[in-house]
Amino acid sequence: MDIMQILSLVIPAAIFAAAPLILTALGGLFSERAGVVNIGLEGLMVMGAFTAIITTLTLEGMGMSGMMVIILALIISILIGSVFSLFHAVASITFRADQIVSGVALNFLAVGLTVFLVRLLYNKGQTDYISNRIYRMDVPVLSDIPFIGPLFFSSAYVTSYVAILLAVVVYFIVFYTPFGLRLRSVGEHPMAADTMGINVNRMRYIGVMLSGAFAGLGGAVFALTVTGNFSGTTIVGQGFMALAALIFGKWNPLGALGAALFFGLAQALSITGQQIPLLSDVPPVFLLIAPYVLTILALAGFVGRAEGPKAIGKPYIKGSR
Amino acid sequence: MSYVIEMNSIRKEFPGIVANDNITLQLKKGEIHALLGENGAGKSTLMNVLFGLYQPERGEIRVRGEKVEITDPNIANRLGIGMVHQHFMLVDKFTVTENIVMGNEPTKFGVVNIKKAAKEVEAISKRYGLSVDPYAKIENISVGMQQRVEILKTLYRGADILIFDEPTAVLTPQEIQELIGIMKTLVAEGKSIILITHKLKEIMSVCDRCTVIRRGKGIGTVDVSETDQDKLAAMMVGREVNFKVEKTPAIPKETVLAVSDLTVKDSRGVDAVKALNLDIKAGEILGLAGVDGNGQSEFIEAITGLRKADKGSIKLNNKELVGLKPRKVTEAGIGHIPEDRHKHGLVLDFSIGENIVLQTYYQQPYSKNTVLNYPNIFKKAKDLIEDYDVRTPSEHTPARALSGGNQQKAIIAREVDRSPDFLIAAQPTRGLDVGAIESIHKRLISERDKGRAVLLMSLELDEILNVSDRIAVMYEGQIVDIVDADKTNEKELGLLMAGGKKEKAGEAK
Amino acid sequence: AETPAGEGEDAPSEDAVEAGDFKVAMVTDVGGIDDKSFNQSAWEGLTTFGEEAGLEEGTGYRYLQSATMDDFEPNLRSLVREDSDLVWGIGFLMEDAVRTIAEQVEEAQIAIVDTVVLDADENTYDNIANVTFKEHEGSFLVGVAAGLHTEGDKVGFIGGVESGLIKKFENGFKAGVKAVNPDAEILVQYAESFNDASIGSQIANTMYSQGADIIYHAAGGTGNGLFTEAINRARNGEAVWAIGVDRDQHDEGAYGDESVTLTSMVKRVDTAVAIVSEQTMNGEFPGGEILEYGLEEDAVGIAPTTDNLSEEALSAVEDYKAQIQSGDISVPSTDDEYDEYLEGLE
Amino acid sequence: MAKLLPKGRLLSWSIPLIAVFLGIFIGGIIMLVSGYNPITGYSALIRGIFSDSYYLGETVRMMTPLILAGLAVAFAFRTGLLNIGVEGQLIVGWLASVYVGITFDLPAVLHLPMAILAGALAGALWGFIPGLLKAKFQVHEVIVTIMMNYIALYTANAIIRSYLLVPGERTGSINQSASLSSPLLQSLTDYSRLHWGFVVAVLACVIMWFILWRTTKGYELRAVGLNQHASQYAGMNVQRNIILSMLISGGFAGVAGAMEGLGTYGYMSILSGFSGLGFDGIAVALLGANTAVGVLLASFLFGGLKIGALNMQSQAGVPTELVEIVIALIIFFVASSYIIRWVMNRVKKEDI
């Protein structure tokens, strides 16, 4: 394989694999920037994947097909994701539960509940395959650009671009809008925010619900592009990877984007690499564990220290300090 | 009536304590009004009530004559009340402008219009002489600068009634001068200010009137022009009951602790103790007086090895302590009753017995070959509980369940029982009732009589006066003067603590 | 229990159980009875058998699903303990669990699919029926189809996890391709997972990009990624095909009115399950035997949907099928056999 | 003041109980809404735990790794650390113990302890890394332990595949001399997979209790967990205690893996994903209030639920996932104890 061929294999694959991670990491960003740790991203993705598949199957059962089905499925996944995230929000914000434990409970609940519902609805452990999926396509015009075109714009998933675009949008929202400023202030110094008339718990609820919305979307995109059906093993660990991307990306949307792309690249390389002359000598396991090892190194400060929002993990209790 | 603020008969309770009991405070338009009181008197609480952070149990608040309910800082903001908190409410990672406008941002097409905001900030800062860099990050600017940001926050929201809670406690002398200038500008612009401070000199130099509270109760309001520092000090520290602790004159012997040229940085990296020299002798109690935040805590932490000394030496019986780990310092013969008993003194969820051996658990007879000997531990605890009159259901009770005074007695029992050559008692009676205070004072004196050297750090003047033999006054990281306890009085000490006689002290040395 | 007329009546041997009292059950792998693969196929076989024998679902014939590997043994055992006359363990992963129970409960009658359970001395157990398939034979036939259909003389094979069983698929397939198209190149990659569709699609992507136009998978859920990738390409007008495994996977490859599934190698676990269950009911439990179902028994072969196969390919498949059945061709199942086979071709 | 203590005790016992009750109660509602009969469901579940010696044997076998995983989480928790890495520590412990079990041929008195120890050491090593990073660089242990889980999973699989693979996607079986399985226990429990590992787990409870409550180290670890400032004041080395705690915690998790490798299975399979035991361990520790006895009891509850769920599936047709939902709800309610306390205080006040 020549280098161009390798790149044209690896880069689209990396972007493709990164999309659900990017979306979910962006979700995590809203929650953690508001000061609420979200280990429950995994469970929220499960919820999103489940909802997307169930919705699509139901609509297909009603005889619908085409773009409309997919758009509806995505929207409903976003909604269900944010509603389900209330579980975490209520526990960790209102009930002052340990945010990590509450996230763990959410993960348990998501897997249990969705598989339980699948059994209830379909009387079996996994759903049928959907026929309306998100497919790849060439981006008109752009895909004809030499070099860049084949790498980035031919036969790509539209969701990948949506994810990248959203990362930029979220960056803009978080760093340039009043909402973003308030969100960050709540995660950094809730007491200060409170004295400035910002409703701390409300901001935190919004942050967690946005994380549910984005993670729901991430899970839905994963299900609609990759698996095409839902079972208990549809989402296995992607949520944790998204969390890692968030931290690796230093709680910055563009950082998370870069980290997710990096993880995607590592994954793509670990698969395609077996066909690439140089990399085929590297045992695949090294490529497999690379994202995790690098994240740890990044955290240990070798790649620049990752410092989270200051008030993260602590419930805000008015008047205490 | 020309009062902009009237707080009438305010009562605020916390579980187990009445922080404000029927306090009245009236602020005239255009004045700087001092709020004076000892630590824990209830000043911050009163101001937090005014700012809407706490709801009073009783009393009414009138702003510009109208009765209001301030249930939220937002309402306070709307009423034109702004507060500069003692502990800054700033987001370190934000810029000055972001901190100022947050929650109230000017926008353009939905985006924070930072340029416009920064311009406004600059305009206000010019007008009141509060020069700041609107684009600087908080974590990169000095404390004085941060305080200006706090002030700007209130001004940006159009506050014309400003509350300053101990604004000078964290500032350098130059910064204090600047702040005083700023406050004068502010009142000249028609603002009204409530200033909380422990420093009488500041009150004398900028304030128009002063309200004094003591132990949650209002003592009275005086015109500053009709009073002086002595009178204010008397109002502040005066007590209905004045316990004179019985003790014989000290018989000081050899020097136990010799501190020379000690310099220590605080957590922010600023010198908190500056080239300090001090000797403490066996058989004496040396009182360390000073207003909170003048380096006393850092000084003690340096002695005990909890904080790194930057320069200088600390010798205990001629053994160098600088550089030793806390355990080695303890083993060298230091007992330490820490300032914050909940943070340092006790593991609250441990039983009294376990807390009693916090310094000695690894030694015989409390453990052998790393296995704890609980019978011995609890027997010891039982004995000490008896000896030191710690009121507890049993030695197995968690420390958390004890009242503050009894917690403190347990700590003292632990520290004194080890018979250290040198005993540090930092604010040993803070928050305690009269009975407990008395027993602790007696204990300190009896230790002295056994020939130990005792360092008593306290913010309470009569404690210092009653218990100490000599009194070292600390101001801005240095000992400004050492006086004999029986040859001084509250007034003199109050002046020394406020830096009042720094020059004279310097000559005396 | 009532016995529907016409069924279960024909000459039961002495120790045959009366049809209505016969109890048969299976334990699924973690995939469950709807895994579109061998668990599902096995359940279909059991259902067919049960219905024909007039058994009631849930009591006469039933299944238990395993949530994790940890559940194999308790599930098998609880069926044995409930006095099921025949208990099926579906999949070679259950080998150890089946062995353990067979050793402990002598009177149990257990059948296992896809593997042979041996004791320490390499002997079979009398109370275990070992049901295996000649997957290489079926794979050979789809290999023939692939060899004839490929336009770039390049095809691919995606394996789930490398093992002796999946090697049978690989070698049979390669042999079939080579039989009709000696110049063809065959790319082979193992995903090291049976349930990671995203890895499956990336491997397929790589293979297609390298010019392979037909890919056969023996990778369970991972294989779903192959279909995703093939559909994606086919929709963009590329002429690529996928070959399904275990069942007719025509529907998995469907897009619009077409399907990217060229054909599938079906493995009639259902047939085998039904046959052995029937035998057991008739008192002829094939304990201790190693049953190998192949083309002979119609237990492997190409899928009934042949829409996408050319006439030429279909007739070649029939031709080779006959040759294999007659023993003229011996299909290789291991790497060594394959190498020998290649030498034989030259 | 004398009355304060028993009241506190009562509260600390009643919150897990209330949480369990609420979890089971809501689980019942879910069954009802889904068209199952909760009474039938739960009674099938209970029968699936108690109705005969086989089920009891399986429950106890299930408890074994749960106890050890729970101890691992609880031990770290006592030092103020959340060890989400039990899963990975368990995997490396499993692999190490199986490796020793396969490779060596020694008398059982040597071989078995050696294999268990190997598991403990491997787990401890896996815990050491996050501990070190936490102590030296203040890196949050949660994220590091999550990453370590994946590294363990992939590395263990790669090692098995490259060096230890036999047909059946697994390592060879361990030598009998390293095995915990017991024909006696099996025959007593009608051939459940009960093995001597249970004794190891109970022993581990005792060890955890002993270390924490009877040794000077345990005293330090607890002190550091409750109040780092006071510990520092008392001359303890906070950093070293954090590392030590993760080492010991990882060791327990490693032994949990050894129990699977030397007891339940006798080999290690290539794992297609996590066992879930690590997360179960969090639930167990949380419900058991991080005490040895509590962990034992909570393991019994969760182990019983998991084993009973199989019977609930086969006899009442209720999907086993219901049990997962119930467990999630129990964790939720334990974590939200603030609200339970609040409600209880409310109720109490009204009583007065």
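A, B, C and D label the chains in the order they appear, each numbered from 1.
In this section, a contact is a pair of C-beta atoms (placed from the backbone, for glycine too) under 8 Å apart; a residue touches a chain by one contact, two chains touch by 3 or more.
By chain, UniProt protein names: A, D = ABC transporter permease; B = ABC transporter ATP-binding protein.
These numbers were taken from a predicted model, which means no experiment stands behind them.
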Going by the stated contact rule, which chains contact chain B and chain D alike? A
Greatest centre-to-centre gap (Cα means) from chain D is with chain B
Can you identify which chains form the pair with the largest number of contacting C-beta pairs? A-D
Could you grab the centroid distance between chain B and chain C? Build each centroid from C-alpha atoms only and quote it in angstrom. 79
Could you tell me the distance, in whole angstrom, between the mean C-alpha positions of chain A and chain C? 36
Based only on mean CA positions, could you tell me how far chain A sits from chain B in angstrom? 47
Residues of chain D that touch two or more other chains sit at 157
Touching two or more other chains, which residues of chain A qualify? 233, 284
Where in chain C do residues touch two or more of the other chains? 65, 192, 195
Those chain pairs meeting the touch criterion are A-B, A-C, A-D, B-D, C-D
Parts of chain A lying in touch with chain D, wherever the complex brings them together: 37, 39, 87, 91, 94-98, 100-102, 104-109, 111-113, 115-116, 119-120, 232-233, 236-237, 240, 243-244, 247, 283-285, 288-289, 292-293, 295-296, 299-301, 308
Spell out the part of chain C that touches chain A in their complex, as residue ranges. 30-35, 65, 187, 189, 192, 195, 197-199, 201-203, 205-206, 209-210, 221, 224-225, 228, 231-233, 235-236, 251-252, 254-255
Contact residues on chain A for chain C in the complex? 1, 5, 8-9, 13, 17, 122, 124-126, 129, 131, 133, 135-138, 155, 225-229, 233, 267-268, 271-272, 274-275, 284
Of all residues in chain C, which touch chain D in the complex? 62, 64-65, 67-71, 73-75, 77-78, 81, 92-93, 95-96, 100-101, 104-105, 115, 161-164, 192-195
Of chain A, residues touching chain B in the complex: 176-178, 181-182, 184-185, 188-189, 191-198, 310, 318-319, 321
